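Here the chain labels run A, B, C and D in written order, and each chain numbers its own residues starting at 1.
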Amino acid sequence: MEPLVPLLVAVPLGVAFAVVLLAHVRGLRRLTGLLAVAAVVANLAISLVLIGGPTINTFVGGWGDGRTLGIQMVCDGLAKLMLVTINLVAAVSIVYAGAYMRRFTKVWLFESLFLLMTGAMNGVVLAGDLFNMFVFLEVAAIASYALVGFGCEAEELEAAFKYLILGTVGSALILLGITILYSLTGNLNMAMVSQGLAVVGRTSPAVLLAAAMLLAGLSLKAAMVPFHAWLPDAHPSAPAPISAMLSGVLIKASGVYALARVVFSVLGPSPQYATVLMVLGAASMVIGVFLAIGQWDFKRLLAYHSISQMGYVVLALGAAAAVMSRSDPDRTVAGLCLFGGLFHLFNHAAFKSLLFLSSGCIEQQAGTRLLKEMGGLSRRMPITSFCCRIGALSIAGVPPFNGFFSKLIIIISLFLAGYPVLAGVAVLVALMTLLSFIKVQRYALEGEPTKTAGAVEAPALMCIALVVLAVVCVAGGLAAIPLRDHLFAPAGDALMNASGSLTAGVTP
Amino acid sequence: MGITLYVLAFAVLLAGLYAVVAKKNIIKIIVGVLILDYAVNMMLVLVGYRSIDGQAGQAPILPGGAETGALAKSAVDPLPQAMVLTSIVIGLGLTALMVAMAIRLYEKYGTFDMNEIRRLRG
Amino acid sequence: MNDPGMSLIVKNTARLITGFIAVFGIYIALTGHISPGGGFAGGVILASAVVLVVLAFGREFAARLVTEPQCHGWDAAGAMGFLVVALLGYLVGGFFWNFLPTGRLGHLYSGGMIPVANLAILVKVGAGLAGAFIALALFHRTTQRREI
Amino acid sequence: MGMEYLIVALIAFMFVAALVAVEARDLLSSVISLGAAGFALSVIDLLLGAPDLAITQVVVEVVALVLLVRVVLTRTDTSVTAPRDALRTAAVLLAGGVLLVAAFVAVGGAGTDGAMPPFGEPRLSDPAAAPVEPVSAEYLAKAPDETGAANAVMAILLDYRAYDTLGEATVIFVSILGLYAILRRVGRTSGAARAGKGGTAP
């Protein structure tokens, strides 16, 4: 299975280049969309195949064999989980875009940028090397800046510019952190840096400075409060499939995933970093939901909920790090925290992209994003409304949907980890989320049609995408246990035995 | 001496950060981002520099006729240089994209001032 | 919109040196593995030759030499070339496997795939930046309206 | 030793140029000061044994300046009038002070455990004393033999770490593609020009 791993990056990148070439050949222009879908679906297939396989460590260019000269690609449990998440959402979004993007000009640019973003996210997830991770973070980020402004309307450009500036500051901080770590250890390979830091001292002044830079930069990418200012502008401004990709996977792959990797695998879980993660997570969880509750713009409301829900994930990861950094770590509790966090990460990808995609359907068919102007959509657009309702129930944490289980596990694990207050806060935030989505139900789907009387059901391709995600939401709840055994437990193990899974295959 | 160098590099970084956060003019913000880039690149080059017994380190390029292992004794660290090359490229790409957005924003709003460009609520 | 370019002196100077700049860019890229430089620097120099032409002779003249879609094409082709180098290695032994003979150290023909990759990057960066500059030059305000 | 003073002077010059660029009243001076800082950086690169970077920095600087100057020159609104936000400025200065102190502490105890290695003595200088074996020692020793390239930077960039360079090539490809996307005169087809924008934020 090892030869499959580089393809996850090479295929989308290569097809993205090919799309640009084909777009300039008369007669082949129509193929670009199909090619893009084929590439993403192939990626999804590869990542599903990889789940069953062992942990894979390869050195690009063959510069491994006992040395770490080359760049390591790591496909461990966590990477596999992220790959499935990324490529699932990407496949659904690109199919949806086939119908949705007809309103835009030069769609081949969109397709190419979309593929580059997806490929780069795969690259981030597979990177076992700090600088390589940074490079792919940048590719994904730059593609997303351009995609946010794809509509070229004034508000979209403004949001894209803000996003670009803050994202670039974040990247600069990340690179500075990597610079300091390189200076301390003379290595870029994550496993080697981690070994070096163990010798230097994991909480020595220089390491703390580097960690501060890395955590600040990655929190900017993950839009944790107080670094969240760009997200509520950027995510709603993008075309719907891109909103789904940004909220559904980009903030996870380039924010939360990278945070987890850096904290668990490179810096090592120590109390300081655990506290930072928990503070960031709890603040995002609470403030995000308070900001969301007053919103009347559907997409903006969803964007604020992304901040809040990512707060859950980061809080759970922080709690896991805190448990791991104790002198006698209870690995069961840490594992439960990680299971909750990663399960919620996956679930959020499913229901948030579902909600964003259905908001795109509503926006296109009903011509509005304001909840007050909607109403009665459940009769006009039955499939969209049904799927939207499933998404809303999932994010609100209603049993038996997936969001309920992951939130429940996070709350229980917080209790067990010794943070009952935070567990209580998490319950309150879940109730507020529920309230906020009752509002969505009440105004958008129920009631009498007002301005939206002329709305009809969205095109078939878009409905198919919604239905697939709705099925994932339901199945995620029903199949929580098998999913844990095959997907989340290996991912949690990868974080807990971080150095183990990274160095397998390297004999330094 | 080394401390002065690193701290000065951080000061340059701060000048850029200050421009990005406190300035309202799009061009000034772009200038700030570029300064930030310079500072980080400079940090990398500083970190990779090596002096050998008080002598300046050589560029990591093997001179004609030298034996192949000669670099290990005399050259500066090549890896940060490779990283900076990548980082410069990223900076250039971002500059092009930022300039394009600045032009578009100017076309839409007739100004570079972010105070007037404020359609979205924060 | 007519763009006559700059004065006669500038035009004559540009006529003289553009070729040299372009050749220098290619030289920098081809000798990247034995002396300072490399494909990226070479590509930027190559693009700056196009920039000079656009600035000196105006965009209409430049458009006759090279158009934006051509730049797109070469840009993608260069990137594709680099990826193909990587994928050829993939067929032989692994992703980015350096499968070409390393050659004689210090000679132009050395370094295996390094000069080939430099060449691909030269094409990619040169065409990409030239296209970007032409696109920026062609974008002039047709509609100047304040929407506030 | 003399060179270190020269570099301190150059970085100080960069700092001043950066301040001028940030504070200048008109945008053209701002952009030109930025150029001065960039050229100072390329001289620093040259002094620190990085001719590859010096060349790249200079050519990139030229292209970036041409782009920025064109933007500034062809627009009428080139002066800065907006008042500064005192609160933000104070916050930045405060954060900056903290950062400088942190930097000072992190590099300050040069030579002691847990601080960055002192200037001029990267981990590569003394591989035996480094916490883990620094990769660069091996790059320098083996690059010419293993890759056949006399330039170790290119050997790393295009052979050992060529995968990074694929990312780098992709970055420039992405940003230029993004530039084309942003510069499309019409984003949406005429029929649906503002169909989706019926409801903006209230």
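Note that in this section contacts are C-beta pairs under 8 Å (C-beta built on N, C-alpha and C of every residue); 3 or more make two chains touch, one makes a residue touch a chain.
Since this is a predicted model, take the numbers as computed values, not measurements.
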item: Least step count from chain B to chain C, where 1 means the two chains touch; value: 1
item: Taking each chain's C-alpha mean as its centre, the one farthest from chain A; value: C
item: A-C or A-D, whichever has more C-beta pairs in contact; value: A-D
item: Centroid distance [mean C-alpha coordinates] between chain C and chain A, Å; value: 35
item: Centre-to-centre distance between chain D and chain A (centres being mean Cα positions), rounded to whole Å; value: 27
item: Inter-chain centre distance, chain B versus chain D - centres from mean C-alpha coordinates, in Å; value: 1
item: Centre distance in Å when chain C and chain D are each reduced to the mean of their C-alpha atoms; value: 21
item: Multi-partner residues of chain A (each touching 2 or more other chains); value: 13, 17, 20, 60-61, 131, 135, 138, 142, 145-146, 149, 152, 154-155, 157, 160, 180, 183, 188
item: Residue list for chain C, restricted to those that touch at least two other chains; value: 34-36, 38, 40, 44, 72, 75-76, 79, 83, 86, 95-96, 98, 105-106, 129, 132, 135-136, 139, 147
item: Residues of chain B touching at least two other chains; value: 13, 16-17, 47, 59, 61-62, 64, 68, 79, 85-86, 89-90, 92-94, 96-97, 99-104, 108-110, 119-120
item: Chain A to chain D touching residues, read off their complex; value: 13, 16-17, 20, 60-61, 63, 67-71, 102-106, 109-110, 112-113, 116, 119-120, 123, 131-132, 135-136, 138-139, 142-143, 145-147, 149-153, 155-157, 160, 180, 183-189, 192, 195-201, 204-210, 212, 296-297, 300, 363-364, 367-370, 373, 508
item: Contacting residues of chain C [partner chain B, same complex]; value: 34-36, 38, 40, 44, 105-106, 129, 132, 135-136, 139, 141, 143-148
item: Residues of chain A defined as touching chain B within the complex; value: 131, 135, 138, 142, 145-146, 149, 152, 154-155, 157-162, 164-165, 168-169, 171-172, 175-176, 179-180, 182-183, 188, 229, 232-233, 237
item: Chain A partner contacts - residues on chain C that touch it in the complex; value: 69, 72-73, 75-77, 79-80, 83, 86-87, 89-90, 93-98, 147
item: Residue ranges of chain B touching chain D (in the complex, touch as defined); value: 1-19, 21-25, 27-28, 30-32, 34-35, 38, 41-42, 45-52, 54, 56-62, 64, 68-69, 71-72, 75-79, 81-82, 84-86, 88-97, 99-104, 106, 110-115, 119-121
